[in-house]
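Below are the structure tokens for one structure; questions will follow.
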Amino acid sequence: MIRVQRSDFDPGAEISALTQGRHDVGALTVFVGLVRDMAGEQRISSMELEHYPGMTEKMLERIEAEARERWALNDTLIVHRYGPLAPGERIVLVACTSTHRAASFEACEFLIDWLKTKAPFWKKEHGPDGDAHWVEARGSDDAAAARWNRKPGDAAE
Amino acid sequence: MIRVQRSDFDPGAEISALTQGRHDVGALTVFVGLVRDMAGEQRISSMELEHYPGMTEKMLERIEAEARERWALNDTLIVHRYGPLAPGERIVLVACTSTHRAASFEACEFLIDWLKTKAPFWKKEHGPDGDAHWVEARGSDDAAAARWNRKPGDAAE
Amino acid sequence: MKVLYFAWLKAKTGVAEEDLDPPAEVATVADLMEWLKDRGPGHADALANTQAIRVAVNQEYAAPGDAVKAGDEIAFFPPVTGG
Amino acid sequence: MKVLYFAWLKAKTGVAEEDLDPPAEVATVADLMEWLKDRGPGHADALANTQAIRVAVNQEYAAPGDAVKAGDEIAFFPPVTGG
């Protein structure tokens, strides 16, 4: 499931919903991304997360479908916020359940790596002096996402 | 922090404790292992988790210290249960916080991989007909743990 | 044709969304970008560095040579930075 | 010397823990395992397959050649299966 929302989410409740009453889940991996008050050497007093409604959901659904095709998963969940965010606030949650831990870890890392390079969100950081700038995409995120690219002729995993 | 306990734990509360009021955490990765009602083709009606009090805590602390030496982490947490467990119940939680996601993912996977091969716990599975057997260690777990072995001369990460 | 701008492209063009009816010779994403630059200095500035811009046609990532036509939703934005 | 058995080693020996005072010639883990086998058929069965047994001396993993002495806590158990 995917959800794009302005409001905060409760990681405990999200985790519960994925495992409650189930006897076929052996492994749950969850990633939560949060706003820090520093970006490199720069102090951050708040952040604004813009997105492209419609395309965001479409991309997240596609990324989720790709994960479910590549790994044997019980369930996947992506929750991503938009709007104003303060340091310490949660931005995104990605969770995968599987019978075995390798699949849950790999799929969870895949989801956040692809999300970061494909889902249309843009971060604007505000400094303490009222200065603001759009965050630039990072080469390390492209590299992380590229790990999951399939070479032509790759067998289905 | 490490905890070895008979009682259940609340993943949401554990996550909150790691991030609440902090502005320096950018990434949280959590793994939860649960009891399934199947082991291969075999039906499981309950499980008994035995451990070696004293050595368990010592090993978990050492594994945690190793993770904190290898990766730049804000915090780490291992909670492991012992005693009788039914399908659907949580067995273990491992969580890592860091400024960046790569460290939180790698350290979390390292912790569970090493825990599985080094911490003195033993699972006994009970079938629906009252049959019981001790779970055998798996080669795949040894291989997962061995990924993290350092070759002589490896630089500190 | 609906044209959308996000992040600093929205700030530079001064619009989030505009309904446009480009002439028939505007057949590709690249054509459209050139044509949009003539809408004013803000548009010209926003669209100056094509390397820094990503494009979606009908909410799918698109390349400069991809076709655009009446009724399409075309979005211009910087490389994404969510997560 | 305190000797502990876990999992199926406990089931086979029939004891979780025993306080023992082996003779001076029992100097290593391997010596101790041989000596323990004489305590009865349960012990002999439990300790028959040394490949399947892990050993800790004073709560540290130990090898067959490692020393054991009075006052040590020695534990025998199968490869671990937690997590």
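Lettered A, B, C and D in written order, each chain numbered from 1.
Here is the rule we go by: a contact is a pair of C-beta atoms (placed from the backbone, for glycine too) under 8 Å apart; a residue touches a chain by one contact, two chains touch by 3 or more.
Keep in mind that what you see is a predicted model, and the values were worked out from it rather than measured.
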item	value
Greatest separation from chain A - chain, by CA centre	D
Euclidean distance of C-alpha centroids - chain B vs chain C, Å	49
Centre-of-Cα separation between chain C and chain A, whole angstrom	26
Centroid spacing, where centroids are CA-atom means, of chain A and chain B in whole angstrom	23
Per-residue multi-chain contacts in chain A, two or more chains	33, 112
Those chain pairs that satisfy the touch definition	A-B, A-C, B-D
Chain C residues within the chain A interface of the complex	4, 6-8, 56, 59, 61, 75, 77-83
Interfacial residue positions of chain A with respect to chain C in the complex	33, 49-52, 54-55, 58, 80, 91-92, 112, 115-124, 134-138, 141
Chain B residues touching chain A - in the complex, by the definition given at the top	10-13, 15-16, 19, 21-38, 87-88, 90, 99, 101-102, 104-105, 108-109, 112, 144
